[in-house]
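The structure under discussion appears below in the form of structure tokens.
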Amino acid sequence: MRKVAVVGAGMTKFMRRAQETGKELAWETAKMALDSCELTIKDVDCVVMGTAPDAFDMIHMKSEYLSDGAGAWRKPYMRGFLGGGTGVFTANQAWYHVASGLFDVCLAITEEKMSSCLPHPQGAFVTCWDQFTESPLGTSLLWFFAWEMNRYMTAHGITEREIALVSVKNKKNALDHPCAQLSADITVDDVMGSEMMAWPVKRLDVSPTSDGAVALVFAAEDVAKRITDRPVWVQGVGWCVDTMYIGQRDLYYPKYVEYAARMAYDMAGIKEPRKEIDIAEPYDPFSYKELHNAEGLLLCDKGEAARLLVDGETQRTGRQPWCPSGGALGVGNAIAATGMMKVAELFWQLRGEAGKRQVPGKPRRGVAQAWGDEMQVGTVIVLGV
Amino acid sequence: MPLDKVTQVAQTKPWHGSIPVYGQYTFGIAGERFFRDIKDKGRIMGAKCAECNLVYVPPRIYCERCFGELAKWLEIPNRGVVHTFTVAHADLDGNRLEEPIVVALVKFDGVYGGLVHRLGEVEPDKVTIGMAVEMMLKPKAKRTGSILDIDYFKPIRA
Amino acid sequence: MTENIKVWPGTPLSEKDIKEKRILVTEWQPNLKYAWDAGIGYGRYFAELKKGRIVGTRCDKCRRVLLPARVFCEWCFRTVDAWVHLQDTGTVNTFSVAYTGTAAERLKEPLIPALIEIDGSGGVAIMHLISEVDPWKVKMGMRVRAVWKPEQEREGAITDIAYWKPI
């Protein structure tokens, strides 16, 4: 397969509510990505679109609706969908469209406009779960996270206060992100004192709902070298789903994330991810998820993530920064766009273009990961220079 | 093993449900201006792409072909032609309508796109493709900023 | 690049912009209702619940119980081998004390949603609610028993078990 590089990136602000329609958000971010690498839409051979459940925008066949804003007019176009895992998966799709030799330049766009869904996008999950054995119980999305967080904490003896530190770190990191929706300088006590949603999940453990879009431009090796003198190479991709029966897997550890990570690491030739990866963007829709996912990404032993966090090793200036962007907790959670925001963050970090967020020491390799579906999919990408 | 299937209908009765959400949509950057022009000024505006020589109705902030920004807006004549039409006898839920309605795609001279709207003041069997029609607005006080601020299009008598 | 960009795209609106009608919005309520067929596996599962019994199925290749009952094993990708009757007692696998409902609405009195490992299944859990206990006294590993609705109120649904209570 051919070598593929990311050569351009664009991103809108992440907002509680955008005036733009979804199409307009898609165009703003796609145009920005193309402008950033001095390409026009005529240079684009195909377009891939990532966007979460249709009910979030309350527009059915959302990707068809978004197609003109995505630059897909009379081009090969497709939508990939893996729920919350979509954002990174869309980058993976763009990779194989180019790596296969079928296309030289692929524009990858992710968009979400969750403010359209009232009273709350969580209501749309009633048909994401099992209609017979789960939804009739009055199930809330937060319960799933609460069960997993409880199981994770109990299995390893990790405290709520330790987990709260993830929110503190990420919201602080987001203060340096120009697109951030919920950046803040808060304390562990603020998290602990925030509204109880579904114990052990408290309000400040949860990422917001957001409107926003992110785009990346992928190009084949020879084309990429003509476009830019600083291509960021896709070194590995992986994805994996587990059983959707929540009672038939142990929630304390995301085995499927490990499988996705191993697929990506094998492709990238990574033997020791703890040493060979400089920065990581694990998916953090909830505070504990950053730790849970980082363990699945094999960035530490099972149950060790909280210790690394407490010791400061995952701070932006630490040994291996996690979520230097500010993550879903700080930048916002425009579901599919959040996954790709993490890939865009690696792109900017590895090119030394992250501004105030720049991780010191010229990072050379990063991993980004998204997670979702029925809480049983992991999507992983490794970028390097 | 032969799995013993449930054969009694009573045992397989379906579980009923609905999705407890509704949509609230902003009109967007282009839509906000387009619908305010209809509401406040009673006019249809288009957005022009000089590069591709296209005038978009409804207007957008970008050209779908060259992907350039559309900054130039211009007023569109309120007369167009019926590009195609249908006579609808049922509503969205399949219920019969007391009176059928004529729904047409109305195109405007020199415009890329057009508007889907009702035709009025015409018998359904008198509508033809290519028929000239003009926009009929609701009284200004009744306009809310919606495509329904246009009451209907009606044939222009020769 | 980040530092060179002065204006990032996007036009944030506030709640006021909507409430005070500073911008135009339109609304739509989907007029859709669904009737989902339970199918073969769940059909039997619910018929048994109506009788006050919990059943699963068994795959003899990977030697595990599938619960809720279904007709194929997704590990081995083959038809299951038998129906198995399980106990209506179990062990709390994990739980929450929840103040939110389906559409993120707030609940005054918390619910105790839990995953409960059903006795006889080899540790397979189903999703349900716990009651008749102080929410803050619930523990992982706690033993619980199903509280069934009266027979005439059962309708062949997961809610035929009203809730679970500590043994």
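So that you can tell them apart, the chains are marked A, B and C in the order they are listed, and the count of residues begins at 1 in each.
We adopt the following convention: contacts are C-beta pairs under 8 Å (C-beta built on N, C-alpha and C of every residue); 3 or more make two chains touch, one makes a residue touch a chain.
Please read these numbers as outputs of a predicted model, since none were measured by experiment.
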Q.
Please tell me whether A-C or A-B has the greater number of C-beta pairs in contact.
A. A-C
Q) Farthest chain from subunit B, comparing Cα centres? A) C
Q: Could you tell me the distance, in whole angstrom, between the mean C-alpha positions of subunit B and subunit C?
A: 41
Q) Where the CA atoms of subunit A average out and where those of subunit C average out, how many Å apart are those spots? A) 26
Q | Centre distance in Å when subunit A and subunit B are each reduced to the mean of their C-alpha atoms | A | 36
Q: Indicate the residues of subunit A shared as contacts by at least two other chains.
A: 17-20, 58, 119-120, 123, 126-127, 131-132, 135-136
Q. At which residue positions does subunit B touch at least two other chains?
A. 15, 17, 19-27, 29, 31-32
Q. Which residue numbers or ranges of subunit C touch two or more of the other chains?
A. 11, 13, 18, 23, 28, 30, 34, 36, 38, 46, 102-103, 157
Q: State the interface residues of subunit A toward subunit B in the complex, per the touch definition above.
A: 17-21, 23-24, 27, 30-31, 34, 40-42, 55, 58-59, 68-69, 71, 73, 115-121, 123-124, 126-127, 131-132, 135-136
Q. So in the complex, which bits of subunit C are touching subunit A?
A. 1-3, 5, 8-15, 17-18, 23, 28, 30, 34, 36, 38, 42, 45-46, 66-68, 74-75, 93-105, 110-111, 113-115, 117, 124-129, 135, 140, 157-159
Q) Touching subunit A in the complex: which residues of subunit B? A) 15, 17, 19-32, 60-62, 64-67, 69
Q: Note which residues of subunit C are touching subunit B in the complex, please.
A: 11, 13, 18, 23-40, 43-44, 46-47, 50, 71, 79-83, 102-103, 155-157
Q.
Taking the touch rule as given, give the residues of subunit A at its contact with subunit C in the complex, in rising order.
A. 9-20, 25, 28-29, 32, 36, 58, 119-120, 122-123, 125-127, 130-143, 146-148, 150-151, 154, 178-179, 195-201, 211-212, 243, 245-248, 251, 348, 351, 353-357
